[in-house]
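First up is the structure itself, then whatever we jot down about it.
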Amino acid sequence: MTELVGGVVPPVCTPLTTERELDVPSLERLAAFLIEAGVHGLFVTGSTGEVAYLTDDVRREALEVVAGVAAGQVPVLAGVIDTTTTRVIEHARAAKSSGADALVATAPFYTPTHPSEFYGHFRAIRAAVDLPLVGYDIPVSVGSKLPTEVVVELAEDGTLSALKDSSGDLDGLRAVLERTEGFQCYSGSETLADLGLFIGAHGLVPGIGNVDPHGYLRLYEAARRQDWDAARAEQARLRKLFELIYVGDARMGRYSSAIGAFKEGLVIRGVIAGATTSEPMIPLNDAERAAVRQRLDEAGLL
Amino acid sequence: MTELVGGVVPPVCTPLTTERELDVPSLERLAAFLIEAGVHGLFVTGSTGEVAYLTDDVRREALEVVAGVAAGQVPVLAGVIDTTTTRVIEHARAAKSSGADALVATAPFYTPTHPSEFYGHFRAIRAAVDLPLVGYDIPVSVGSKLPTEVVVELAEDGTLSALKDSSGDLDGLRAVLERTEGFQCYSGSETLADLGLFIGAHGLVPGIGNVDPHGYLRLYEAARRQDWDAARAEQARLRKLFELIYVGDARMGRYSSAIGAFKEGLVIRGVIAGATTSEPMIPLNDAERAAVRQRLDEAGLL
Amino acid sequence: MTELVGGVVPPVCTPLTTERELDVPSLERLAAFLIEAGVHGLFVTGSTGEVAYLTDDVRREALEVVAGVAAGQVPVLAGVIDTTTTRVIEHARAAKSSGADALVATAPFYTPTHPSEFYGHFRAIRAAVDLPLVGYDIPVSVGSKLPTEVVVELAEDGTLSALKDSSGDLDGLRAVLERTEGFQCYSGSETLADLGLFIGAHGLVPGIGNVDPHGYLRLYEAARRQDWDAARAEQARLRKLFELIYVGDARMGRYSSAIGAFKEGLVIRGVIAGATTSEPMIPLNDAERAAVRQRLDEAGLL
Amino acid sequence: MTELVGGVVPPVCTPLTTERELDVPSLERLAAFLIEAGVHGLFVTGSTGEVAYLTDDVRREALEVVAGVAAGQVPVLAGVIDTTTTRVIEHARAAKSSGADALVATAPFYTPTHPSEFYGHFRAIRAAVDLPLVGYDIPVSVGSKLPTEVVVELAEDGTLSALKDSSGDLDGLRAVLERTEGFQCYSGSETLADLGLFIGAHGLVPGIGNVDPHGYLRLYEAARRQDWDAARAEQARLRKLFELIYVGDARMGRYSSAIGAFKEGLVIRGVIAGATTSEPMIPLNDAERAAVRQRLDEAGLL
């Protein structure tokens, strides 16, 4: 079984054709681009990958494409994102057949599930499919936070191999790090990545790492050698770049703006063919696309 | 096309065997029980029906069973509950083939979708599958409320035929009623059903209407003849009965407690064979089951 | 001791001069206007009265002016609004000397007080000043809701004589009404006032009752004689009028817009001299003032 | 005018006698204890100082006592905490007469004030009283966060001299630091203090710094010389100590538990005479007090 070993693991964007079908050549180029940059893993069908917008078929196809390009060079993590246990397990089985090296699952959502029920949820997934399981803490999507004691207990009994923390709660992340041993913690924050590493997180899952993987790799390496000045300087550059997510904020909300901007950035950098996003996301307009280009220019990516 | 005409439309529970498979004979008995009681429609795979816990196959099967029992006597509404447009459309197509007379869809969830994107979401669903579409406003599950102006515009252009309001916001429901004509509004509240009808709602979708459909039918009929004293008195009885949802509150959260209690109530009344709920819901224990029985006794249902 | 007996009890606006001092003649006219209209009580230094903006001196002065005009014709309730027990008690003592017939206090705010501490808070206030005490449930300001069990226990032991419910939670209000006897409940909602009375509330505290007390009195009387058609019709008219609170919404937030609009309405109706509001509220501009006038015109108040 | 220069500025506890009057000798000893430890300033009547529980007289008295002990050795900051502008200005005037070197004010609370109104609020306070003004960002108490653009604009025009950030939002704090020059930023977090300094904050305002000022001073000095290993190690010790705030969590909520524990810690360390807290806070019981002692023991403070 491939081991999770931290590092930079971008949540891979899912390029779409103008008819909103999977753009396979673009996805292949994107996976290759990231691997060549030196990333330590690829996270497919995560939130940045528009997982909640993709049919089961497209999820599977995207995973197969990326697993094919990765070909064992780096582990491929698959988001198995659905409302509750039984539905997640179906995705987990499919992901295993499609080549996933590890699974990433959230707490139940839509249903007002109680934290006391989280244990059974993750244990049932782990028992059903024999792959390392990563707990995905993303309160903005799920509506509840994974409590520290739940994560710690599931780490101790081997249910969870890792945590992907997109909660923004560095205090909580620190508590998990203090109370576990050999349990891999990934920070999902683009703008506090240096702080995540400073407190001991093992890896990063930055959405904008699609557009600038080299930046996050430099940041990660600086942190590994405890060169905090370099880490902070790189983070400062990446924080500035990250502001491209706000280009369409006023018209469409932050998520659609961010996903649209990441994809546009990949188009500008010549990695993918088009910036189409899923229904019902509002697409960026010309002015917003120009603003993305300017941010890339300022960050030295053109 | 079957028309939606208000009335009492219970969100049908989904009985499960102890192995957590669909208990078809129990579901047939439940559908027949409700139709005999005189309900005006059946809402399958709603939140009370544990929709978010059911695989696509079980959702389809449950709908087929209920549509088979209904056999045109009352319209069957199907919840097509998934995170975003494309996924919802897949459920919608399946539901149409399985005999649904109308579809019930929420705003996108998991994804931080902006209200300006709700229009495209509902319009794409309506365009894809030719069945009346009911907007399902359930902020507790979805994380956002359907704004009045969105509902009104989608009612006016014919995208939505009806609203199921489980927001608890009577002020907002009233605003929709004031600003639409011939648009069917259903209240999803068990405990403020009389108020919903008082302000002009056309129908009720009470979860505990599985257990006591006759009570909600009496309440509905009293409201129709403007006998508000009778409506309030019936509501008072039903409010008391509804407290059974709290039997397991402290151990498992309100939702699992409520679903467990509804199913236990149906077992006690001899309608379904067992009270098994989906993973990862914690089941009621003996003391909690006894408390359900006592509530039924006090409400005169034994 | 004056008894609280329900009815319409407007939360009296606090007219200010252009220098932001208390405009005594305007306040006298406003109090007289409301009493002549037939209101059953006056609530001074409530949220609508800008209590949180007024110095202790102005609060006292406003209360003395209104108590002077009321002169025993109707009870005068005084909001004793401050963060915690000891500070509230100081206001309570001052209010008693200034002629209050009853006190209205919220749960502690600013401090993250636990519901288990609410009991001691209200009991200490009641013990310190011998006046009927009204619990003021206003989560939007206080950040927490008064739990039903707290209100019921404090009603039973005589700490609270009444509840002013500005939570919008009709389910919770109903629970309090079901579980208390002779405990006066006031609804603070302008737009669901008919529903509050329908479920048994004893009185209304409508902010816009400053501008149109006659409307709320008609609504209240219709409800008292169980003429629900008349109550609803009056409520519909008042709901329309109430939309004037949104005139400045986009520029300044709802509260400043509402208070500015109420005061402007009183100026237009010739009751008070000017519509100045407290710092740091942004004042209405000409277009917004014109919109207020139009709403009054449409509601037949010109 | 005394300048704010960062460093460790504990929010001084307010010792009370068993009759809940200010315990002046204890407060004098506490101020002296902190100054001897080497703190860079003292923040009186902050949230940790129970400001929201203290009458105006006690606030003034506490400030005078601390200013008297400080006697110009370190600047004394005074919390001027009240709902809105005019009330805050009254506290500000009083604080200036009582010897404050700087004022600390929050955004308005209780009132649903719009961010566009925050500018006028802080400018009016600054204009009324000629002392450096610190913006206090504490969403948990105030209900809203100070937006970055508000802080930056008020820093640029000289209204605010500093920010005390108790929001926990390191991303936002970083944004303020990036966009201002010579503007002092204090982190109010006990457990992420090292991260605050890592991103460039100038000072710390740790509640538990009452009990262990030496620990925060060591942390601060380590950060100043960029010795991040030492800073993290000290922070780890302090994080462990900080868990004493949970001793009474289950019975009374976190705030009362924390304040009670801080005061108990000061009693155990022989600095103040008693651990009485304000009404309506529930006091710690014997078991909880013993747990505080154990935490101090483990942290090497006995």
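Observations, loosely collected:
Letters A, B, C and D mark the chains as written, and numbering starts fresh at 1 in each.
Definition applied: contacts are C-beta pairs under 8 Å (C-beta built on N, C-alpha and C of every residue); 3 or more make two chains touch, one makes a residue touch a chain.
Note that this is a predicted model, so its numbers are computed, not measured.
Each chain's centre was taken as the mean of its CA atoms, and the one lying most distant from chain D is B. With centres defined as mean CA coordinates, chain D is found 50 Å away from chain B.
Once the centre of each chain is set as its mean CA position, chain B and chain C turn out to be 37 Å apart.
The set of chain C residues touching two or more other chains is empty.
According to the touch criterion at the top of this document, the contacting chain pairs are A-B, A-D, B-C, C-D.
In the complex of the two chains, the chain B residues touching chain A come out as 20, 47, 52-55, 81, 83-87, 90, 108-114, 116-121, 124, 140-143, 251-256, 278-282. Considering their complex, residues 168, 170-171, 174, 178, 189, 191-192, 195, 198-199, 226, 228, 232, 236, 239 of chain A touch chain D.
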